[in-house]
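Here come two complexes built around subunit A, the first alongside subunit B, the second alongside subunit C.
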Partner chain A sequence: MEIIQIVGLGLITTILILVVREQKPMFAFLLAAFTGLFIFLYMIGKIETVISVLEQLADRSGIPSIYLKTILKIIGIAYIAEFGAQIVRDAGQESVASKIEFAGKVLILVMAVPIIGVIVETVIGLLPAGS
Partner chain B sequence: MLAWLATWLKQIIAVVLLAGLIDLLLPNKTMQRYVRLVAGLIILLTLLSPIIRLLQGDFDTRLNASFENWLKAPPSKEFKMPTLEDIQRDADALRRKQEAAAAALTEKQLAAAMSEALERGTGLQVMSVSVRLEGDGKTEPASLQGVEVTLDSMEDNGAEVDPGASDHSPGGTDTDSKSAGTSATPDSNKEVQPVEPVDSVSVFVQVDPDDSDDADARQTADKGYSLVDGRTAEVIRRVLNEGWSVPPDLVRVRIATGDGSSTGRAS
Partner chain C sequence: MNNIDVSAIFQIAGIGIIIAMIHTVLKQMGKEDMSHWVTLIGFVVVLFMVVRLLNDLFQEIKSIFLFQ
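Right after this comes the complex of A and B.
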């Protein structure tokens, strides 16, 4: 039961942070950041199974692999941006965190550019045929 | 037909499932709208794929190509963080450039000031003055390495000033009427008389063997110029020495001969 380990780790970290924060706020922040990083890396291994299932699904249904690649990239960008933003937000830098989130949004939207290109071309090609 | 319909439906179902899964996987709500947009576009593309294939033939390769383009583009235009060595090299280059510019500016202004002072002090027609400075300007101040005064070929027969000049007329200057610089007439009026332009001046100079020891080194003057020694050069050197404390042996005086054929030195 990994969830118990994770929750236990989180509880211990929280108590430690509460103890340490009075004396050294810097160490409290470092502790929080490290714990977040640890849980993130620990869970990335679990996400891998989900991703492999998704790949099997895509394979069997015959959708182009480029779709799956794009979607996985989007998930990765979202996770990493969110994680970094939360660490920065813990340190009290709200503005920097919002910039990180902004960068994540922009990169996700850039992912859509090739798809939008194909759709727009199709629609434009459709119009003279209809008239 | 039915098989094609089956694959199409399977694709749509798979893509919708995929979109639902990534909606679940998303970490927070702020990203959700953007991810939903992209997922919706992918679903739309899957729904439209028969129409696109009908209209444009093979669109998969085009999509693949554009995706590959997009995926490959970032490394090519990736912003490269400069290393410390790069920054230091750039800084060195910039500093060198700046020092060179400062030195050039100094030389230019010095030359302009010298030229003005020479024209005012001696009444000669100074065509150009070039100053050479050397030194990095950082550890020690830049030192004067040479001054080259180029006199205009149009000699003025104006006032030869510098009253403290020793009045020995240089030996062996056979010049025609208005060439070879300062005629040694110590006329005392200091006003510069207007100069009538002279088309070509030929300078006939006999070389005095006495002072040819260092003059031979200077014999390698540019074509079209001839070195000037003797009285004129002495006056010029004195002016430069008094004004800027230029050592006299660093001053090189030459005169632009009109046609570049006659080379010689007034001694």
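Right after this comes the complex of A and C.
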């Protein structure tokens, strides 16, 4: 029952943040960031098992490993960008948060370009020649 | 590892409350600049804890999601 632990941790941290925010808003922000980091770190261990299963499946089905690597990198970029943007948004800097998200989107697009190229080539190969 | 990290959350909250108390006391004693230094030092200590955990997280993400 890890979810109960996580929810309890979140509730207690919220109360602590509300107490500390009266005196020092800076510490409240750091506390929120620390809790977010802790929960994220806790969950990333679980994700690891899912990723390893995905890798095994990809190995068995003969998909070129470069595709799976690209997809995993994209997922990683998405997690990091989302996390950073939410912490910055907690601190009230909406504009910086949206810039972080923008950077994440651009980096994901750059990673996805080779795959898009392969798709387009496949579609062109499917078309009948001479048309 | 789990327990240590959870206790760190309470440590940060405790540091925040105690720093606020020291700040108030020093201000009552009329030592404005000292109270600001105390706040700054407490902030740096907590920032170190947060940054260390952030480093852990990023290393973990790098190793799991195959960023070489």
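Everything that follows uses one rule, which is that the second predicted complex is superposed on the first by the 117 of 131 C-alpha atoms of A that agree within 3 Å, B and C clash if a C-alpha of one lies under 4 Å from a C-alpha of the other, contacts with A are read in each partner's own complex, and residues count from 1 in each chain.
Note that a residue touches a chain if its C-beta (ideal position, glycine included) is under 8 Å from a C-beta of that chain, and two chains touch if they have at least 3 such contacts.
Note that this is a predicted model, so its numbers are computed, not measured.
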item: Simultaneous placement of subunit C and subunit B on subunit A, clash or fit; value: fit
item: Which superposed partner A:108 touches (first subunit B, second subunit C, both, neither); value: first
item: Which superposed partner A:9 touches (first subunit B, second subunit C, both, neither); value: second
item: A:34 touches, of subunit B and subunit C: first, second, both or neither?; value: second
item: Broader residue contact with subunit A after superposition on the shared chain, subunit B or subunit C; value: B
item: First (subunit B), second (subunit C), both or neither touched by A:19; value: second
item: Touching partner for A:125 - first (subunit B), second (subunit C), both, neither; value: first
item: Superposition-derived angle with apex at the Cα centre of subunit A and sides reaching subunit B and subunit C, degrees in steps of 10; value: 80
item: First (subunit B), second (subunit C), both or neither touched by A:82; value: first
item: Which superposed partner A:93 touches (first subunit B, second subunit C, both, neither); value: neither
item: After fitting on chain A: smallest Cα gap, subunit B-subunit C, Å; value: 9
item: Residues on subunit A lying within both footprints (that of subunit B and that of subunit C); value: 47, 69, 75, 79
item: Residue numbers on subunit A that touch subunit B, as the complex places them; value: 47, 50, 54, 57-58, 60-64, 66-71, 74-75, 78-79, 81-83, 101, 104-105, 108-119, 121-122, 125-126, 129
item: Of subunit B, residues touching subunit A in the complex; value: 7, 10-11, 13-15, 17-19, 21-22, 25-28, 30-31, 34-35, 37-39, 41-42, 44-46, 48, 51-52, 55-56, 59-60, 62-64, 66-67, 69-70
item: Touching residues on subunit A, where the partner in the complex is subunit C; value: 9, 12-13, 16-17, 19-20, 23-24, 26-28, 30-31, 33-35, 37-38, 40-42, 44-45, 47-48, 51, 69, 72-73, 75-76, 79-80
item: Subunit A-touching residues of subunit C, taken from the complex the two chains share; value: 2, 5-6, 8-10, 12-13, 15-17, 19-20, 23, 39, 42-43, 46-47, 49-50, 53-54, 56-58, 60-62, 64-67
